[in-house]
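Shared chain: chain A. Partners: chain B in the first complex, chain C in the second.
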Partner chain A sequence: MTNSSRREFLKYSAAAGAALGSTSLSNLAMADEVLKVGAVYVSPVSEIGWTKQHSLGVDAIKAALGNKVEVTTIDSIFKPQDAERVFREMASSGNKLIFGTSFSHGTPMQKVAKRFPDVAFEHCAGIKHTKNLGTFEAKYFEGTYLAGVAAGHVSKSAKIGFIGGFPIPDIVGPANALLLGAQSVNPDMTCSVIFLNSWFDPGKEKEAANTLISQGCDVICSMTDTATGVQVAGQKDVWSIGYASDMSQFGNGKHLTAFTLDWSSVYVNAAKSVATGTWKTSERWQGLSEGVVKMSPLNTDIPAAGKAEVKKAQAAIIAGSLHPFAGEVKDQADKVRAAAGGTLSTSDIRGFNWFVKGMVGKLG
Partner chain B sequence: MRFQIERRAEPSSFMRFGAPVYATFSTLVVSSIMFALLGHNPADTLFAFFITPLMTINGISEWLLKASPLILIGCGLAIGFRANVWNIGAEGQLVIGAVCASGVGLFYPAPESTLLLPLMVIAGMAGGMVWAAIPAFLRARMNTNEILVTLMMTYIATLLLSLLVHGPWRDPDGYNYPQTALLPDAAMFELFDPMYRLNTSILITVVAVFAMWFFTERSFFGYKMSVGGAAPLAARYAGFKQSRSIWVGLLISGGLAGIAGMAEAAGPLGQLSAQISPGYGFAAIIVAFIGRLHAVGIVLGGLLLSLLYLGGEAVQLSLGLPSALTSIFQGMLLFFLLASDFLIFYRFTPSPKPTKGGVT
Partner chain C sequence: MDLFIAIFTGTIIAATPLIFAALGELVVEKSGVLNLGIEGMMLVGAAVGVWVSYAGLPMPLAIMSAAAAGALASLLFGVLALTFLTNQYAAGLSLTIFGTGVSAVIGKGFGSAPIDALIPLEIPFLTEIPVIGPLFFNYDPLVYFSFIMFGLISWFLYKTKAGLVVRTIGESPESSHAIGYPVIKIRYLAVMFGGAMAGLGGAYLSLAYTPLWVENMTAGKGWISLALVVFAAWRPARILFGAWLFGSMTILQLQGQALGISLPSEVLSSLPYIATIVVLVVISKNWQFLALNFPTSLAKPFRPAE
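Entry: the complex of A and B
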C-alpha cells in the first residue's frame, strides 16, 4: 500500500469501528470483501535472510489473492513494548489476519489477540497458541542435518564452526543436527559454537567467523540474519552453509548449500482460510516434506558420493525413514538422551537446552 | 573570504529558549523536501507523521506511555549533566532496575500482597542507584572517566540480564526460551482503562518532573551543583565539594533510570526477556538536551521524541515509508538543535587579513 491519504485514514478508522462491532470470523466470508492482512517484521527487508523470506510469503499472498487482498507491512519492530502497540494498531485498523515473525512478538500477540477475538493472528516461531492465535515453525534441523552430511564429506579438519544468534532451542537444535549429520559421515567430527546475542551484528559475526576459522574449522554455518559468515568463509577459502536464503552469491564458490525457508504455503493457506471464513487456530511444525525447509543447489565441488548421500538422506527424511535425532543421541556429558532405536521427543527437540556429544562450547 | 568563529559576548536568552523551535522548524522544512523527493505530498506525510498518531485515545495513551520513561530518565540525567556529571549509562541502570524489580515480583513469597508493587519500585530504584554508584565511586575516588565507566556498565547489565533469562530465571513452562514467567497481577501497575495500555506509573514521572524542577530551580544544593558545572573553579573557591555533585548526580539519575526500568517490567512488558529496553536510556540523553536540561523542556522533549517514534510507525503503516525515516528525523532534529545552540553562543565573523610577515 503506497498511496494513502487522509480520506483513506478515515476509511480505516471506520473499518476499525466496524471490526470492533463484528463478532465472529465467519462474517468475513462475504464474497467481494477485500481482506486486509498485516505483517510485522523484525528487520528491514533486504536481499537475503529471515525477513526477506517472510516478505516472500507476503508476496505469495498478493499473488494468490490479487485484488482481493490488501497488505500492510511494518519493519524493524523487535522489542515487546513496540510490538504490542503495532499489533494493536494493525488489529484496530481493520486487518483480519496478522502475522508476527519473531519469538519476541509472542507475549504482545497473546495480549492483543485476547482483545481482538475476531482477528486471526499467526505467529512464526511461537510456542503458545490460543483461540485466535496460531503458531508456525520450521524444522530447521532437517535442513542442517543434510548440510552436515555435505560438510562431513568436504571437511578435512573434521571441525565445523557454528555461529548462532541466540542460544534458544530453535538454534541449538539445528546446531546439534548439523553435527549429527556430519558425524553420520565421519564420527570424529566436532562443532565449535559461538553465540552473538544478536540477530544482526555483522561486525561481531565477522570476528566470530574469523575466530572459528583460526581454530581450524573449515566449514562455517551461521544462523543469523546476515550473510557475513558465508562471506568471511569465502574470503578465507573455507566452506560455508547458508541459512534462510540461498547465499551462494556471497560464498566465493565455497557455498556448500543453504537450508532455505519457504513460508509461502503457510501465508497463502492462512489468507485463503481467513477469506473463506474457515480459519482455525493450529500449531504447524513443518520441514522438508511440506516444502517449508528447502535445500539450495549443492556445490558442484562436493564429491559425487557426498552429493548422492545428501540426496539419499533428504529422500529418507521426507519419507519418514530417517530422523535426524534418532538414537542413540548422547549429550556433551556422555549421557544417553535417546536410546538406540528411539528418537528424541517433540518437546525435547522444541525445548533444546543442551548440546550433543562433539559440540564444543557452552550454552549462554 | 575566510571566516573565523567568535564567541558572542551576550547570548540572547530569547534565542536560547527559542532554539528547539527553530530546530523543529528547520527539521520540518528539510524533511518536507525529503518527502517531496520520495514522491509523497509533504503536507499529507507530515499530517500522517505528527497528527494521525494522536487522533485516537489509544494513540494518546501510547504517546504518553512511551514518553513517560524518556522523561523520567531525562530528568535524572539533566541533574547530573548540569553539574558536568556525564551519566551515559542510564540504559544499564534501567536494565538493572528492571531486573531487581522483577526479581522481587517473581520470587516474593506473597504474590498477592499489595506491598509487592511498592517493594518493586524500591528494588528498581535501589538497583539503578547501585549500578550508578560504581562509576560514582570510581570517579569521586579515583577520578576515572564516568562517561566510559557508565557506558561499559551498560554492557555488563545487558549481559547479566541475558544470563538470568537464559539460566536461573527462565520460565519453566517456556520451552527453554529466554524469558521469565509473567509477573503476578499484584506486581503490575494499574491500567487507567483496560482498553488502553497507559498505566499509573506515569504518576511517578509527574512527581519526578516537579521534584526535579524544585531541586534545580529552588534548592540550594541544586544551585551549587549547577555552579559546579558551569564554573568549577568558582565553585571550588566557594567551598562547594565536587565529589558531592558526582554522587548526587549519578545516584539520582541511576535511581530514576532504575524506576523507569521497573515501570517497563511492571507495565507494558509484564516479564523479562533478553531485550527489554527500546533504547530509552540512550534516547533520554537526547531528551535531556532537547529540553535544555530544564524540567519543562524535558517534558516537551520526551513528548516530541515519543511522537517521532509513533509517527515513524504511522507513516510506515499508512504510506509505506521506510523505517529508517524515523532515525533520519531524529538525527536531523538533534543536528539542527546542536547547530542552533552553537550559533547562539558563537558567531562567524570575517577573518582579519593576515598581515604580511606578521604573526597572526
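Entry: the complex of A and C
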C-alpha cells in the first residue's frame, strides 16, 4: 500500500492518469485484472482510534486479495471541499472501489458518485445511499450496552461518567445503552454526561474526565477519538471503557473493556463483489452478530459473575433474544418510550434526541 | 471539599499552557512585534517533546528540546518579519500553518502512542498537609516553573533596564535606534523567547496535561493565548488572572453539565469565552490605561535607517 501524503498521491494519480490515457474507464474490472481500491481517511493513521480501525479494514482487503488488488489511501481529509477533489482524483485515476470514512465525506461522495456511475463508492457513517454509493454504520449501542453490564458489576458509587463530542443521535444512543446495560445489573445506576462540543480537544476531554471523577463517577466511558479519558481514569485509579480500539495499554490496569470496531468484513465483501462484478449498493447497519462491533478482552479484575453475565448478554444479543432498547424504556421525564415487551424502533434509535431515565445531563 | 480541590487544581493545570504561551507572546508584543504563529510553535514544541521522550531520553531534556524547537520555529517568522520586513500578520499566520504541518510530520511515528508522563511532585511533608497540600503542593514541576516565569517576566519588563529597552523599542523603534539600541537584534531575541515559551506550553500539553501526541492537539489554545494578551491589556498579572478565569470557567461548565444543570451543553461550552472576554474588557476599559500599556509600534515593520 502507498500510505501516501497528498503530494505523493497527486504525483501518482497524474502518472496513472497518463498511463490510462488510451484505456476505456468504463470497462468493469475483469477477474484477472488488478482491482484498484482507494480509501480516504479523516485523520492520520495512529496507534489507535477511528482511522486505525479503517486502515485495518484496508489491510484485510490486501490480505484477502493479495496481488489482485492495489490500494491507495489518503489521510487527513476532513473538509468536504478537500474531499470532493480527492474523491474525484481517485475515481478518475482508475479506482473501481472507493471508501469514504467520515460523515463529512457524504455530500462530496454523492456529487462524485453521480459523475462516475461505474465506480463503486462505500461511505461509512453515511445516511444516504444512491445507485453506486453504499453506506455502512455500526451499532455502537450494542457494545456500550455490554460495557454497561460490566460497569454495573464493578461500580461502587453506582455512577458512570460518559464523555461525547456532540449531542447527536450516534452518541446519545450509545450513552443511553451504556446506562441501560448497567441498570440491568443495578437499577439504581446513573450516568452523568458531558459533551465537549468539539470533535477534537484532548485537553477538554481530560478536564471532563477529571470533572466526572470528582463528582464520584467510578467508571469513565469516553466516545471520542483519543485515549485521554482512559488515561485520566487510569491515573485516578477508576475504571474506564475504551472505544474503537482496545485501549488497555492506557488504562493502568483499570481498562474494563472496549467496544471496538472491525470493518474488515465490510471492506473485504465490497472488494470481492466489485472484483467479480456483483457489487450492489446497500445500506448496512451492523453490530455484534456481524462482527463489526466487538468487545476487547474483559479486565481480569471483574468478578466472575460479572464476566459470565457480560458473555451471556453478548450471546443473547447475537442470538437476537436480547435487545439493548427492549421495553420498558422510560425517558428522563418518566414517560414510557417503549412499553414492556416492545423495543424502540430503528428510527427512534437512529434519531435519539432524548435521554433515558437515570441519565444526568440535558439535551438542548 | 474534594470538589473544591478538584476545581481549584483543575483550573491551575488548565491555565498553565495558556500562561506559558501568553507570557511569551507578551514579551514579543512588548517589543513591538505581533507573532500570530503561537499555535504553530506550540504544536512543534508538543511534537518534539513527545519525540524526545518517546526516544527514551530523560524528561528535562524533552522539555528543553521542546523549548528549543519552539524558538527555532519562531526564527522562521523572525527572518520573514524582521529581516525581510514582510507583513507580520501574514508571516505569523504562515508560521501557524507551517508548524501544524511540520508537527504532523514529526509526530507521524508515535501518534496516540503511550508515553511516560511528567508526574506531580511529591514534596516531602508539604504535600501531605490536608487541604493545603493537594491545593498548592501537588503539581508537576512545569506548573511551578510557569509561576517562576511569571515573576521573572514581570520583574524583567518593569524593574530592569533591559526590560525598559524592550518596552521602549515597542513604543518607538526609531528613537531607540537613534539612541543606539540594536532594535532588530533585540526584537529577534524577544521573538525567540516567545517561541521558546510557546514550545514549553506545547510540551506541557503533550508531556503533562494529556501525555500523548495527537495531530493538532493544541485545539486552538494558541489563539486563546493570543486573545488573552490583548484582552489583558498587555499586563502580566492580568494575563495570569485571565488564564485562571478561562480555566475555571471551563471546569465549572463541565461540572455544571455533569450535574445536569438545565442549560444546553452548547450554551455552557461557550461560557468560558464569553466570561473571559467580558471580564477582561470591563477591567481594561480605561482608555488611559490601555494607551499606556499598548505597544505603539505593534505589528509595524521597522527598517533601521542606513
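Here is the rule we go by: the second predicted complex is superposed on the first by the 334 of 364 C-alpha atoms of A that agree within 3 Å, B and C clash if a C-alpha of one lies under 4 Å from a C-alpha of the other, contacts with A are read in each partner's own complex, and residues count from 1 in each chain.
We adopt the following convention: contacts are C-beta pairs under 8 Å (C-beta built on N, C-alpha and C of every residue); 3 or more make two chains touch, one makes a residue touch a chain.
Just so it is clear, the structure is predicted and the values come from calculations on it, not from any experiment.
**Q** Have a look at where A:T226 lands relative to chain B and chain C in the superposition and call it first, second, both or neither.
**A** After superposition on chain A, A:T226 lies in contact with chain C alone.
**Q** Go through the superposed model and pick first if A:Q249 touches only chain B, second if only chain C, both, or neither.
**A** Touch status of A:Q249: second partner only.
**Q** Please indicate which partner A:N197 is in contact with in the superposed arrangement: first for chain B, second for chain C, both, or neither.
**A** A:N197 sits against chain B and chain C alike.
**Q** Thinking of the overlay built on chain A, is A:L363 touched by chain B (first), by chain C (second), by both, or by neither?
**A** both
**Q** Classify the contacts of A:N210 with the two partner chains as first (chain B alone), second (chain C alone), both, or neither.
**A** In the superposition, A:N210 touches chain C alone.
**Q** Does the superposition put A:G49 against chain B (first), chain C (second), both, or neither?
**A** second
**Q** For A:T72, decide between first (touching chain B), second (touching chain C), both and neither.
**A** In the superposed model, A:T72 contacts chain B only, not chain C.
**Q** So, does A:F352 touch the first partner chain B, the second partner chain C, both, or neither?
**A** It touches chain B, and chain C stays clear.
**Q** After the superposition on A, what does A:S93 contact: first (chain B), second (chain C), both or neither?
**A** First partner only, chain B.
**Q** Show me the chain A residues, by the header's touch rule, that chain B contacts in one structure and chain C contacts in the other.
**A** Shared contact residues on chain A: 44, 76, 167, 197, 363-364.
**Q** Okay, in this complex, where on chain A does chain B touch?
**A** 1-2, 4-6, 8-9, 12-13, 44, 72-82, 84-86, 88-90, 92-93, 103-104, 107, 111, 115, 127, 166-169, 197, 347, 350-353, 363-364
**Q** Quick check: in the complex, which residue numbers of chain A touch chain C?
**A** These residues of chain A touch chain C: 43-49, 52, 76, 161, 167, 192-198, 200-208, 210-215, 217, 226-228, 231, 235, 249-250, 360-364.
**Q** Within the complex, which stretch of chain B touches chain A?
**A** Interface residues on chain B, with respect to chain A: 44, 47-48, 52, 55-56, 58, 62, 66, 159, 162-163, 166-167, 174-179, 182, 195, 197, 264, 268-271, 273-278, 309-310, 313, 316-320, 322-324.
**Q** Name, in rising order, each residue of chain C that touches chain A in their complex.
**A** It is residues 2-3, 6-7, 10, 14, 17, 104, 108, 110-114, 117, 205, 209-212, 214-217, 219-221, 250-251, 254-255, 257-267, 269 of chain C that touch chain A.
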